[in-house]
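Each of the next two complexes has chain A plus one more chain, namely chain B in the first and chain C in the second.
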Partner chain A sequence: MTAATLAAASRSRLLRPTRDVALPLLIFLMFALLPLFAWLTAQQYLLDLGARMMVFAVAAVALDLLVGYGGLISFGHAGFIGLGAYAVGILSAQGIDDALVSLPVAIAVSMLFAWLTGIVCLRTKGVYFIMITLAFGQMVYFIATSLAPYGGDNGLTIAARNTVAGWKLLKSDRAFYYVALICLLATYLLCRALVVSRFGRVLRGSRENATRMATIGFTVRRFQLVAYVISGGFGGLSGFLLANSTEFVSPAYMSWQQSGELIVMVILGGVGTLDGAILGTVAYLVAEEWLSGLTENWQVIFGPLLVLAVLFARGGLIGLVSRFWRFGHG
Partner chain B sequence: MSGTLFLVQVLNGLQLGVLLFLIAAGLTLVFGVMDFINLAHGVQYMLGAYLAVAFYGVVGNFLAALVLALVAALAFGLLLEFLVFRHLYGRDHLDQVIATFGIILFLNHAVRLIWGAAPLTLPVPDFFAGTVVLMGGLLYPVWRLVIIASGLAVALGLYVLVTYTRLGMLVRAGATNAPMVSALGVDIGRLFMFVFGFGTMLAGFAGIMIAPIISVEPGMGTNILILALVVIVIGGIGSIRGAFVAALLIGLVDTLGRSFSIDILRMVMGPSPARMAGPAIASMLIYVLMAIVLYIRPAGLFPARGR
Partner chain C sequence: MAEPMLHLEGLRKSFGSLIVTDDVTLDVMPGEMHAIIGPNGAGKTTLINQISGLTAPDEGRILFAGNDVTALPPEARALRGLSRSFQITSILPGFPVIENVALAVQARTGSSLRFVRRAADEATLNVPAMAALEQTGIADRAHARAGELSHGEKRALELAIALAMKPTLLLLDEPMAGIGREEAEGQVELLLRLKGQLTMVLVEHDMAAVFALADRISVLIRGQVLTTGLPADVRADPQVVAAYLGEQME
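And then the complex of A and B:
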């Protein structure tokens, strides 16, 4: 393959108008208009639900960067959410409740943890990588349960949402909603920029064939480590938002079930698409909200739906959408 | 800590170890031979326990309930294989994860619908009820010894089956290189079904055997699944021998860690920080162990050859 065809191929991947521009635009437009809809129909809970979706979508997009583009399935990603949340909680318990401090700390702690554990985790491959990330996730979980001064098993209530330079910006639910939206948009755009960059191509290359990438002269593990650290940092951002939205932190945020749910969200939406991760999160939480209104044991319905989705909707929701799109256009 | 207390905890550790082995053996075979991540293996353990309780309620005899529950567990496992798993062999690991996760959700809540959320109990069979006197006059429940003995017997049986029979040879060959076995004219679909059914039955057996000494409740299979995954990863995926060694190791480390972590920590720190850190460190111990093992041997202790 010549350099020219390579460039053309990558350019054609850069922007497909309907798929890469229209769909994300639509998703973010709907998020932006949701508060208006909630206000018009007087359904205040929609605002909470929407905020929850965006908080978890931040983590899901970050996880998709790893899973979909790096081929690295992290089963401990809730640990990063927990680290970010506990950074907010512990700082607040110490009397520091400004986002100008707690946000950078939340992200930095998660990135540092990702860097230290990433060095160890990336020695392994495939299923072993899944399990070793689980191990580190469980370690943070058990550390959190032992933090008796900060609530231990029971978790820690945060006195008030973070201020921003002394200004009580996040106090109103609607303001918090739009801050979460900006965070999600920033996460999405940054990850999008990453995957189309040279860095992203190397990452995808090492997913397809690590040996070949190494032979061309790339230190594969270093690229994977950087991706892992970035993804962990966004996990911390998600944790910062989660702690502020619920005004409560608990070890349950970083349980392995939570990590599992994140993976399900990513796969449900469609792996390696980024906007799919957002769709998957939305679908998961909507299904949870809607089905749990129908029956207490809503998982009895949701479980088989997941199985059917795997058997019949390959490529997740994004796959369905694009097949539908192609069908509509002959 | 006295010698007798230590002995009791070693026995408890062994009991947890053989239980983990029963679950991990099926998991590692399914994983090794079919390259299939079956997260639903834990709920099959749970199902075994529930079926035992249900059949005991009908027939009132533990042995009969055991046999019926085993057969039912096997039948249900094969049904799942036929309906779902069969279509997922050769698919991406992620697809298998999400589908089996869906089955976990379904079964955990289906048993809640059928038997209620309250924990159920199963009486220990009369013949094995009661305790034996260990040295030093300490009493130990007989049933736990029965679990250890039956687990070791299954391990021995599996060893003979895998090492000395034609079927075992096919299983070993499948774990090393499944496409090659298929190319040599073996009906790999039937081999897969056999391995899968067998693994399911072992997990069900573990659930039935443990039911008399724990409360049978929804979700009991989820945490044990994570432990079993830790076991097969430490042991090396596809290796029965690895699963056996790792299961005993994890069982002992976890049990002894939980019993003695506070005492050990008190040698180096004050009593109150030791009480705080002890349980957390004990819970973490097996994950630390796994991280260290994988750091030194990235494919586990006994990697199946050719992977």
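And then the complex of A and C:
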């Protein structure tokens, strides 16, 4: 083998400057500066909105891992958020309100549930996979509504936000905001690394051609299960943050509508890009906030807007961003 | 007599009332290039699918290197050294060419439960992948997207993926299908070079290629093995000529 081919063999594909570096940098910079902007303009609600965006973006990025890279459309992802949130709520009701316990429990419970249900769900494909994940999502929803000691239908108020090793770190909204930012950044970076790792390559390959992957020796379902468990774990993290942000847990967190919203966020932003999942979450929550200020029946406007977005922004918002970038450069 | 590399015993498969594999018993010896020929619809691809594990036989046994693999899924057979190419090209079109092959190396050599390091930069996977691409003559296309290759190049990639598995038994399902004369000759040369290094089962309609390559030939008609023998004997067999070769030789 010649030196040239050896060099070519280990040559790394260069990062695309807009998509891979500039855009995520811009997104996280804006999140980092939002509290300052909120303070300067005295619009404290922006801090709340920003935190909410990041909490759901954690779950949306994790869902994109399945939808965009694994070709697995999970319609029960809100279930993992709910499990994480209820872990915080129930532990708090039992007097355990430190994040050093509740965060690992929230993540572990979600991963365990993902593992147990994933074994069953991944025996199906396509529409059946969507239906069975929906069914498991609804299962935890109905379990939560029947948890009479923990509020049942009405949900459960949490006495106070979790402490961190006894320290009331999350008490201030601004501190909570930055904790959420760190969680989102960590989720994003881990997923970014994961999709180009050996594992991620097997996951992406299985989406493209599962038969080929099997005939070169990969047990496709095993890798999909690992991805499902990882994604569920991040869902649990999102639920931990959500419960601490609202100081309240409710079965509504894991309703199928919530799962549907997560899918909309991912598709609206652009499937299989991770950045898109964050953009989609931001756009969805901004639209919800803005439109619900205009009219009570904001869905009447939001529905058609979504249809237009799907029809005309192919590849989602991220597709629009790349097209504008190319337009500006040539 | 040495133990066969592949032993098929009383294999049967039907789809509804259609019998596609009808009591097939066949031995492929180590190092042999064994061709399976027959008219369209004779059940050649279904037979290959049963050997590689994509289709389960209704009856019968498949022994690979002396072990019964009938119940094993395709991935387990692949890891034991049973590799295949597809008649209808089966690649990962959205992946770079080299990553198509590097995945095969990854499956064979190492853990795929690694979550952080960038797989596309790993020389331990890329160097053997490059070697397989050079072997099949498409090394210069390593960084193209697999979906953008010409049909002939895709066939070469298909073979490179199979070779990167370092198989002891290679199943080739019509490797010459749909490619030009010149590319087909290149393919025959490549297979001639591989001959003897590994055991191969070749399903092919290109009779020039079959007679240039095969050590033995089995003729499959309506799911049944009509005869198995040396190329010269098969060519002279009046039954084979009547059933199949007659139309091919005209």
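A few points about this structure:
Rule of thumb we're sticking to: the second predicted complex is superposed on the first by the 316 of 330 C-alpha atoms of A that agree within 3 Å, B and C clash if a C-alpha of one lies under 4 Å from a C-alpha of the other, contacts with A are read in each partner's own complex, and residues count from 1 in each chain.
In the analysis below, contacts are C-beta pairs under 8 Å (C-beta built on N, C-alpha and C of every residue); 3 or more make two chains touch, one makes a residue touch a chain.
Computed from a predicted model, the values in this text were never measured in an experiment.
Legend: residue contacts after superposition of the two complexes on their common chain; A:Leu268 is shown touching chain B, with no touch to chain C. Of the two partner chains, chain C is the only one touched by A:Ala214; chain B is not. Looking at chain A, you'll find no residue that touches chain B in one structure and chain C in the other.
Here chain C touches chain A in the complex through residues 52, 54, 73-76, 78-79, 83-84, 86, 90-96, 98-99, 103-104, 106-108, 110-123, 126-127, 129-131, 134, 139, 142-143, 161, 165, going by the rule given at the top.
For chain A in complex with chain B, the residues that touch the partner chain are 67, 73, 120, 123-128, 131-132, 134-136, 138-139, 142-143, 145-146, 148, 256-257, 260, 263-264, 267-268, 271, 297-300, 302-307, 309-311, 314.
Of all the residues in chain A, the ones that touch chain C in their complex are 1, 5-6, 8-13, 193-194, 196-202, 204-205, 208-209, 211-220, 223, 226. Against chain A, in their complex, chain B makes its touches with residues 31, 37, 84, 87-88, 91, 93-95, 97-99, 101-110, 112-113, 222, 226, 229-230, 233, 237, 276-277, 279-281, 283-284, 287-288, 290-291, 294-295, 298-300.
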